[in-house]
Each structure stands twice: as structure tokens, then as C-alpha cells.
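Everything on this sheet refers to the single structure shown next.
Chain lettering (A, B, C, D and E) follows the sequence in which the chains are written, and residue indices restart at 1 in each chain.
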């Protein structure tokens, strides 16, 4: 009767080569909220994201997306269901233009087959044009009109991050996973990125899971925070609650940050 | 320590760097690094900080870049024409951005590779020295570097550079992608190395606050140029730095990211 | 040649996405097409027409391989096996079932495509050079099958003689007629190649090449698309093989050996990976250069201090060809296409460089 | 049983000397990531050099081999310096093509220099093959096994224990980072090409004696692929294991089953075996896995 | 539409070709005229000749071409055929089928009325074109044995001895030797062959003969490039244990087989090789003449350095103040095949001129070659007809004895009926 949570992670275990990266993590992400995941390096944050989007398959536990079990699905199926992500170390297609990168985000929404593509006639062409319009809206939204036709590999780092966000948005996801979207940015760029993330949340109503080291960002823009350490969830709550949680402070934040956050 | 104060250890004079023969990345960069000091080079992404470091260490060439104007002097010797291997032999070593450890070599083999230029037979002793600063590495000496955690890899990268017994170490974003605690730890060690091992440091950082806390002098780059320089106090008190690098408003209060959402101030030095 | 872009505003996305957006480029392409249709065959020597035909067949195969290797990033050193599949399919169907030429041609493509699917299966698990060698295995296994299975190889020295191609009342007997046949197929292949490259399919291929993990997470079924790439690529190769068989008049396994596979690979690397235009450049370079060298070296016939001049020239030709490949790659490792782009870029902004 | 043993022993010795050719390939790949398609041609060149020194200039065999070693090492240096150094940092596939070009060049160069006819490379080994019951092992095969094992031991020591060896592996991992450590990448490249030159001479000596010196020597390069893939592209130990597996399996399958399928299994089996191994271990038996991080 | 348009382009091409031909004619160097020799007076007759100077069998190609060229020069130095000099368009194809087609087209365009293809794949690639264009293609000792059927392949001539005839003759020889030595029963034969189309071709013929004779026949394949055959030889010596081995190998593999068989202790005087395994180079590369003592080689030409035709060629060179090429002696076997080929072409042209008179076409040359009977230039023995384009398949057997090939059996044929049943099936 109740609408199931957007994402429901239940007791997920992931290990590779004897290393237990995740040991029984459970949490829920809700529609339209920004959920931050923080924790020291090696806590399993990226592994968690990888497990959600199907790159790793958990040894134990289940992951439900809108009530549907996606634990064993292959990544492209999960993407088609409406989960998009960005990567910690940029994973743009360097050889392609910004436009093509974002068009690729529309891949799951397009239907043209081999012959249609080879002929590029009628419906196939119409489809390309239709999706191009969607992509242009995203380009407008992210303010990257000027670099539309530039190969992604040639862009500055901050712009690449923005294009990557655009590519993820092109999927029209209901859940967006952002893996350190602000790493290596200066304040100026961080502000821009924060602005886009908030806009995505507000205007599109997309649920966002955010991994980020910059506590300032996390404290300011997230609705809820989860702290991971050594593959386990050690606490969860509103930003200010977490900032004062002794377990979180001990594992990660350190005294200074905790004070600053206050 | 013995160098005359008027002659800095490293002097970069008005260099220009061009990539692929067409793309101008640095447009006249000058900076100095005094013997025994820590100098921070700050700036946004794409400002040319990494390029500056690579121009000094001679690592531009494999990326099809070259210094087309100006000169770089190290201990009074021109080094802008030299190749990377010779520059390392002179005593400049770069710790590259993104750690770049040799993933398929063990920790110890990484360190031995770092000592490649050494011919003095003191490698064993220096290994112990590195392990002294980074006890974690000793525990994982026979593990393939690719399986180390991010923090350990950063330590290994610094330790590996240390193995060449450098006079000047160029550190490119040592805090990138590391948890705050680890960042503090790494910066701690950088200071200790500077003081105990007498390694001069040229530090490129995003984390301006951290960098300026340990540096004796700072430069700010924007768009291939040095736009500001001075000692940390001066920089920390500069309005623009506060605004764009430290996220502090004029009264010293941090602004929330939610508040800046729809309001953005233009940079003064560009207008 | 001066592709000035300034002053051109596109008002629809359709126009912006067309292949040749700039009027001048469209004119250039049309001029080239007209030249090769109406002028070229009548001004060159018969010999050069033969070269052009072989080059044309190679272009079809090279475009196919470029879609697989250049776009999708899967190296194949067994492409001649797909050509053989197409060639023998066409030959068998023509001689035993007496099917018309175009049926044989398409059947060649389709069978090669099915075979490509099988050969491509390891790509699901194996990557890079390991995969390349798996395709090399396919090459040897295919040769073995054609050599040993009489039903396929034809028994008669594993070669099958095929009557000349014909379309209704039109027979492709003479070199010139064959030239038009080849030209038509080259045009089709180029257009299909360009369209695939710029559409949904091509984007997915490039995504797999650039970052397969990221491609998968953005919703590209990488297994499916890798196999699709193998199939499309071998379809081209199969058509090229069938065309070869109709052109030469015989299917013979010794025309589809490992050296052919390497030759096609050379074409796309020299021409430029991930570029349809590059495939054309590369095919022409690899086919025509040795022949042209022969003519050039012939010029020095009297000067060279050797007794058996013909043999010497043939060996020298090999040396020069190999040497040129090395030299060329040193100068421009990204292929002829890059060289061409550099020239174009130069003129695009000329005379205002910088 | 005798028949089986004969096939096995012959296959294993054969495998050992396949490994000799494969070694040159792996050396280059390990250090420079270049897939050297000219490995067979380099062996052919070495063979031609030796026979030319003996035949045309009347040098004693040992001197001829020594001189060829020197020249092949030099060849490695020149090749690295002249052709591959300008390509440092450029796409790897271009380098592959360059080695293909080199192969074509050498296939034209050798006959221009020394003619097309096949030359004998007489190692002055005892004429009588070694006989053990019905197993016959020609002396050259024994010599080949010895040379292979010796070289393998040398290389294993070099890569694991010496600083130069570690430097080579460091370059293989990350060229730019290695440069930042003061390792001269070009020197490392030249070194590995020189080492490949040495293995080319070793291969040329053994195979040249077995089958004579002419362009066919270069075709052995193709036999290398199943060997290196089985063993793993970058594994020195893998070459010997791969070689032994390929040698033994092709002999045994060829010996027993050729008659049922009309022959040719010798060519077929190594590749099928290789495909099977790849399905289970995508990086060969000992190849290093690419550590993937997302 | 298209049919009507077909002529003007053709005319244009022809015009261009004529123009180019005229240009080439202008810078033609004088034929190898010698002071004493007669100058040809008539218009030249053009033929083509393909060979490989690089590639799989370059060693053969080089000597083969030298023999061909020398014989044609000899004829021209004697005034040509009825005063018509012979102009040869040589073409090197590197054993590559594409290049072979290009060679063929080039020679066709150059006005060749006949050509000598070289190499099985090249022959396979051009044979269809030969019939279509009415250009005589000879492919001595290789190519498709089935082309001996003059009705099915009117312009293909696998002259001298196809692989089928060679195989038949080899079995005949083995059985006769067996009888001569007074042994009872039937010998067990192993057929060691190169695993390519050419190597596979005689298998069916051999099986048929074996069945009829009640022989035990085992087939052992050597995959390309045939540089290694330890399992095959082990199988022969330890599993099959045959009385005789018939080998059909190419390139590097004959010498490897000689060496491997000898090392394994198999007597070489129980080995007979088909034509591409019985060259001088094969013996030398195996370890020298002494090493290969006893080895039998099948030839479809006479070989040896004391043949009359070689004396004439040597004489021609001497009169020009030059030395004859060392290929003549060093690689005598392949050189002689070149001579034999040229001789067949010349004989065919001579017949054609006699039958029809100048100018002659490909069809005339076909008829001229079909009229050849008996020995030609003392090197080949042919009885051609419109039906039999092979010429009877007569071969000789030579044996390595005392440091050279010595004639072991003069012209003979084997199992013509079997082979004909294959050719005309």
C-alpha cells in the first residue's frame, strides 16, 4: 500500500579477493532527497555505489529499486530502470564530443536498430532529432553551450565533471549517484556544481546519493547523511546530527571539522 | 641552507608553454623557491599549475608540450632544456597528481624504482628512513601497490620520491581524493620532511587553507598566469582569496552553498 | 578545399546533424563522386583500373574492420576469415543454387555476419590483444575448414570458379563494368559506415572503446554491442569477400589468408582508426603503394647495379613499402586521416593561424 | 607407449625452442607494451647475419655468432632510437603497425643483401642424434633446450632482482611516473630491444640450424602467438609453460588424431587450446590482470 | 541503356591504352642483339610470364624466371620465330592472388596472347579469366589438375605433369622398384603432404590407385609453413612404419622433411618427392648432397648442366662477352623448368604461325600448343591435344647420387586410366 522507498539496500555484503569491502550495509534513499555518504578512504563508499549500479554483485543481501529487486541485474538493465551515476575519476568518452557524450546518455531511450542506423532515414533520423532536443535542454541547463562540439577529452577538469553530470541526467534517472562530484575543484567550481545538484533535486525531483569529502558541501546541501567505516554503516541522520555524533567524529570527521560544521 | 639568500634554489623566469605546437598553456609564469622553504602554488583547475610543475621536472615532452620562452634555473643551472632523467639527477623530483604508483610492483619494488638514479649504495638505509616516516608501508612492503588504499598509495608516492634523495620535491595535489584525516596526516609528514630531511617543497594544491598553513610563501595562478603572490598572511587576508579559495566572506564567516546558489560574484582581477 | 564555417547558421537540429554541414564540403564531396564516376575510369590506364577495383574491394572490408577495431576497439587479426566466409558462400550459392549475383552478395554478408557472431563470442570475456589472438585462431581454423571440408572448399583445389556477376540484363564482364559495380558498393559501404558511426549504434561502439565500464553503466549492453559490432563488421567483410570472388572469378582460400587479415589491419591503422574516411585512405595507400612503387623503381631500371633487375626491384619494393610504413607512422601515427585533417584545419583558419 | 613417449619428448623439446622465440616477444611487450610482429623477422635477420659471416667472410662460427649478437644488439638500439623513440607517448596500435612495417622491410632487405636461397647454418654439432630406445632427439634440439633454460634463468634474475630489471617493470607500468623517478624510458626501451636482439640470435641459431636460413625462418613468428597467449603476454615464466603445452599438445594430437580428420591438427590444436584457456583465464595462465578501478 | 553506352567508354579506354602503348614503344631499348646473331625482322609476338621474386616460393620464382628469360633471349638472338621476336611481359606477383590478377590484366592489356601463370592460388584466380578472354594460360607442374580437360578448360594448360599425374607416376615407380627388388606382397606407402589446396589435390587419386592395387596408404599432413614436422615424422617412423614415403611439399618443408626423416632413421632411398620437393636447393638446405644420398625426385623436365639447350644459352652469353647466370647450375632444376616453359610457349607459337600465319591470336596459340607432339627442346616430353591439355603426364625420376641428381628412370607415365577418369569425370 505504501509506496516503496526509491532505493532500499538490505544487508549488502561485498568482498573481493578476501577483502570485505562491505559488511552488511542497509539503508533507504527516498524520492527527491539528497543523501550523502561519507567516510574515510577505503570505507567502501565507491563499492556501495558500484553494487547499486550493478558493477559488482553482492555476495549477500538485496538491493531494491522502487520495490523491484535489482541485485543480480547487469548494469545496463539497471541504467534502463532509471539509475544514473557519475564517476570518481572521470569516465567520459574522451574521443567523443560533449554532444555525443550526452547523446549517449539517451541510449536506453532510443530504439533504432542496425538497419535504421545504417540508412539514417525516416524514423531513425526523426528519433535522433527528437533526442537531440532533449540533450540541448540539458546543455542549456548546465550552461555548456559553448563546448557542445568539443571533444570531451580536451576539456578542463571542472567542465568534464559537468558534462559527466549532463550525461547522467540525459538518462532521465529517478536516482542519481554522484561519486565525489567536487573532488579537485576550486571553490568557484564547487559552488557551480552545488547549484546544479540542488537544481536537479528541486526542478527534476530526482533522488540523489552523493559521495563527497568536502564536509562544507555535505553539511550544506544534503538532507541526510550516512557514515561508513570499514564497510559498515556507523551512523545515519540529519547533517547536524551526524556532525555531532561521536562515532562519526572518531572515525572520520575529526574534532576541527565537527566544530566548523556547527 | 647554505645558499646565499639572493639566489633561490629554483627560479622560473617568465616561461611560456605550448602543447602540440599550438595550444598556449602558460603565458609568462615566474616564481622562485628559496632553499629549505615550502612554497604553495594555488589556483583553479586548468590554471596551469600542473603544467608549471611538469615544465620544471621535464615531464612535458611525453605530453607533446614544450617550453617555448623563458628559462628555468635550478641552483644557478639552466634546466629547461634538460630531459626528465637529468633533472631528477640534479635533485628535483615530482610526485605526480593522482599518485601514479607502479601498480604491478610491490611496495618495496616501487621504492627501489624510486632510487633508480642512486649510485651510492645507501638504498637499504633510505628504505628504513621511508619506513620510519610511513610505518604503514613497511607492513605492506610485499603487497602489489595496485592493491594499496588511496592514502597508502599517496604515502608510497611521496616515499618513492624521497628515495631519490631530492633537494626539491614538487608535490602535485597530494590531498586529491583523500579523507580529511588522511590529508592532515600527509601534510604533517610533508612538514616533517621539510624540517628533518631538509627537502625544499613546491606544493600545488586545491586545498588552499591547508597549503597556506604550512607554506612560507604562496603564488596564485589563473589562466596560465601568476595573478597574486605573497606570504601566507597576505594571501589569507586578500579579499579574492577569501572569496574564491577559502569560501569566507569579508567578515570571516563561511557562506553556505545553498546561499550562493543564485548569487555569484565576479572575480575582480578579471574584470 | 577551404571549408570556411563562418557565417553559417543552422536553424534546425536536422541540418546541424547532417553529414556535410558546410556547403563547400558538400560540393567537394559531390565533385569527388562525380570525378570517380565519370572522369577517373576514362583517364587512367587499364592497369590502374584494376588497382582501383582491388582498392575498392579493400575499402569495403576496411570500413567493416574499422567499425570493429577503430570504433568499438576490438582488434581483429582474422578478418580475412570473414571475407572467406562471404566469398565461399557467394561462390557456393552461385554455382550450386544458381542464385542471382545480388542474392549471393547479400548471402555472403549474412553468413559472414553469423560467423562473426560466433567468432566474436570470446569478446564477452577476453579483451585487447588477447582477443586479437582469439580472432587469429579463427583465421587458422577457418582456413583449415575450407581446406578440409570438401563441400565448402569445392574440392577442386579448394577453389570454386564463379561466373561473372550480372544484374538482370547487365553483365559485369569488362574491367570498366566491374569498376562501376565496385564503385557502387563502395559508395553504399561508405554511406552505411558514416551513418552507423554517427548514430546511436556508433556512439555505443565508441563508448565501449573509450570506457567499457562507463558505457555499461550508462545503459549500453556491452556484450550485445560488441557482438553486434562483430556482426556488422563481418557483414562488410563478407560482402567484400563475395565481391572479390565475383570480381576475380574464383573463390580460392589462398586469397583469404593471414596476410590478407594483416593487410586490412594495416589499412585502417595507416588510414586512421575510428574514421571512415581513414579507411578509404588506408585501403588506397596499401593497395596502390606497392604497385606504384613498382612503376617508380622501374624508372631506375638502368641505374641499379644488379643482374636480375626484376627480382631486385620486387625485393626492393618490399623494403621500401615496409620502410615507408615505419616512416609514415613516425611522422603521423594517427593515420592519413589525421594528416588530412591537419591540412584541412590549416586551411580552415588560413591565413589567420593563431 | 613408445610412440607416445616419442611424441611427448619431441613435443616438449619443440616447446622449449618455441619458447625461445616467444621470449623475445614477451620481453618487448613487458617493457614497452609494443606487440612485436617482427619477432620472426628479427630471428631471420640474426640467422642471415650468422650464415653471412660464416659463408661469405669465412669467420669461425663462434666469432660469427658473437658478431651477430653485437649487431643485433646494435640493431635493437638503432630501431629503438630511430623508429620507436619518436613514437614514445603515441598510440600503441601505431607501434604495432610499425613493427609490421619492420617485418615487411626485413623480408625485403634480407634477400636484397644475401639472396633468396636457403643457407645452412652448421653448428658443428655431432651428426648422430641422441637415441633413447626409440626416442630420437637431434643434438640441436638439446642445445635449444639448454639455451632456452639458460636465457630464462638469466631474465628471471634480471627482472626480479636487479635494479635495472625493476626499472624496466616500472616503465612497463607507468612510463611518465617512471620518468619522474629519473628512469630514462628510452634507455629502458633500448635495453629491452637489445635483449630481444639477443634472443633473436639464440632463436636464429637453433631454428636456423633446424630448418635452414631463409624467409621461412620469419614465419615462425606466427607460432609464437598461441604460446604467449597461453602463458600470458607479459610473463617470462609463461613463455616456457606455454611453449611446453603447445609443443606437447600439438605433437600428441597430431600424432594420434591427424588420421581421423585429414591432418592439420598441429596448427589447429594450439589455437583451440588457447581459446579454452582464455575462456577460463582471460589473461593467460600467468599474465597479469589489468587492475581496474572505477 | 547501359548496353548502348558500353562502347564509347571502351573506345576511350582503348584510345588511352594505345596512346600509352605508343609512348612506351618510343623508349623501347633494343633487344638483346648480338653482333653475330640474326636480328628478328618481323613484328613482335607478345606473351606474359608471372613469377614471384618475393613471398612464399621466391627461390623457385627467381630461377624459374631466369630460365624462361634466357630461353626467350636465345630464340630472339637466333632471329625469333619465323623472324618474329618474342616480347615477354614479366610480372612479379609475390605469390599473391590479387597481384596475379593485376599481372594478368596488365599482360592482357599489353597484348599478350598467352601467359604463364605461376603459383596455385594465382592460377586459381586467373583461370576463369583465361577462358573468358581467350588467352592461353599455361601452368606447368601446378595449378589445377582438372584443367587437363581441354573441353572444360579450353584455355588452361597444366602442361607436362599435373599433381595427379605426378602422384600416379610416383606410385608406379614405387611398385616397380618393389618388384625390381624382388619383394613379395605390396608396399605400404605414406603420403606426406603440405596441407594446402595443392598438397591436398592428389589425395583422391592416390586413394583410388591404392584401392585398386590393394596398397596400404596412410596420409600425413604438414600444415603451413611446414618448418616443423616432428610429430609427422615420428608418426611415420614409429606408428605407420611404411615401406615407402611419397612426399609432396613446398618451400622450406622438403628440406625439413629430408632432414627429419634421415634423423629418425628412415632410409632416404625409400623416399620419392613430387616436383616441388626435388630441387637442388631442397637437397642443399637439408644438409647437403652427401646427407641426402639416395633421395628420389620426380621431374617433368630434363635436368642437368650438360643439356644441349644449356650449351646454346651459355654460348649466347659468351658471345655477348658475359657469363651465364649461376642460377643455371646452382639452381638447375628450377631454371630448367623455366626453360621448358618457354620452350613450350615458343613451340606453340611456331605451330600457330605455321598453321595460320601472322598475326596470331590466343585461339591460334591454343591450337598451336595443342599440336605439340614429342620432345620439346630436349627438355619436356608432351603429347597434347584439344582434349588432353596436359600432354600425357610423362615424368622422369632422378636420384641423389654422388653429389648430384642422376637419372634413375627415363620418361614414363603412371595410371593414365585412373587420372583420365578423374580429368574427364
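Some points to look at:
Following the convention adopted for this analysis, a residue touches a chain if its C-beta (ideal position, glycine included) is under 8 Å from a C-beta of that chain, and two chains touch if they have at least 3 such contacts.
Predicted model, so just to flag it, every value in this text is computed and none were measured.
The chains in contact with subunit C as well as with subunit E are D. The greatest centre-to-centre distance from subunit B, using averaged C-alpha positions, is reached by E. Averaged C-alpha coordinates put the centre of subunit B at 43 Å from the centre of subunit D.
Taking the mean of the C-alpha atoms as each chain's centre, subunit A and subunit D sit 48 Å apart. Computed centre separation for the pair subunit A/subunit E is 72 angstrom, with centres defined by C-alpha atoms. Subunit C and subunit D have Cα centroids separated by 31 Å. Shared interface positions of subunit B, defined as residues touching 2 or more other chains, are absent. Within subunit D, the positions touching two or more other chains are listed as 107-108, 111, 116, 262-264, 267-268, 294.
For subunit E, the set of residues touching two or more other chains reads 53-54, 58, 62, 195, 223. Those residues of subunit E lying in contact with subunit C across their complex are 2-3, 6, 9-10, 12-13, 16-17, 20, 52-54, 58, 61-62, 65-66, 90, 92, 94, 96-98, 101-102, 105-106, 109, 120-121, 124-129, 132, 143-144, 146, 195-198, 200-201, 223, 325.
Across the interface of their complex, subunit D is touched by residues 57-59, 62-64, 83-85, 87-89, 93-96, 100-105, 109-110, 112-117, 144, 146-147, 160-161, 164 of subunit B. The part of subunit A that touches subunit C in the complex is made up of residues 53-55, 74-77, 79-80, 84-85, 87, 91-96, 100, 103-105, 107-108, 110, 112, 114, 116-120, 124-125, 127-129, 132-133, 136, 167-168, 171.
Of all residues in subunit C, those touching subunit E in their complex are 41-47, 49-51, 54, 144, 147-148, 153, 156-159, 161-162, 164, 169-170, 173-177, 248-250, 252-255, 259, 287, 291, 294, 307-308, 310-315, 317-318. By the touch criterion given at the top, residues 2-3, 6-7, 10-11, 14, 107-108, 111, 116-120, 129, 134, 136, 138, 207, 210-212, 214-217, 219-220, 223, 250-252, 254-255, 258-259, 262-264, 266-268 of subunit D touch subunit E in their complex.
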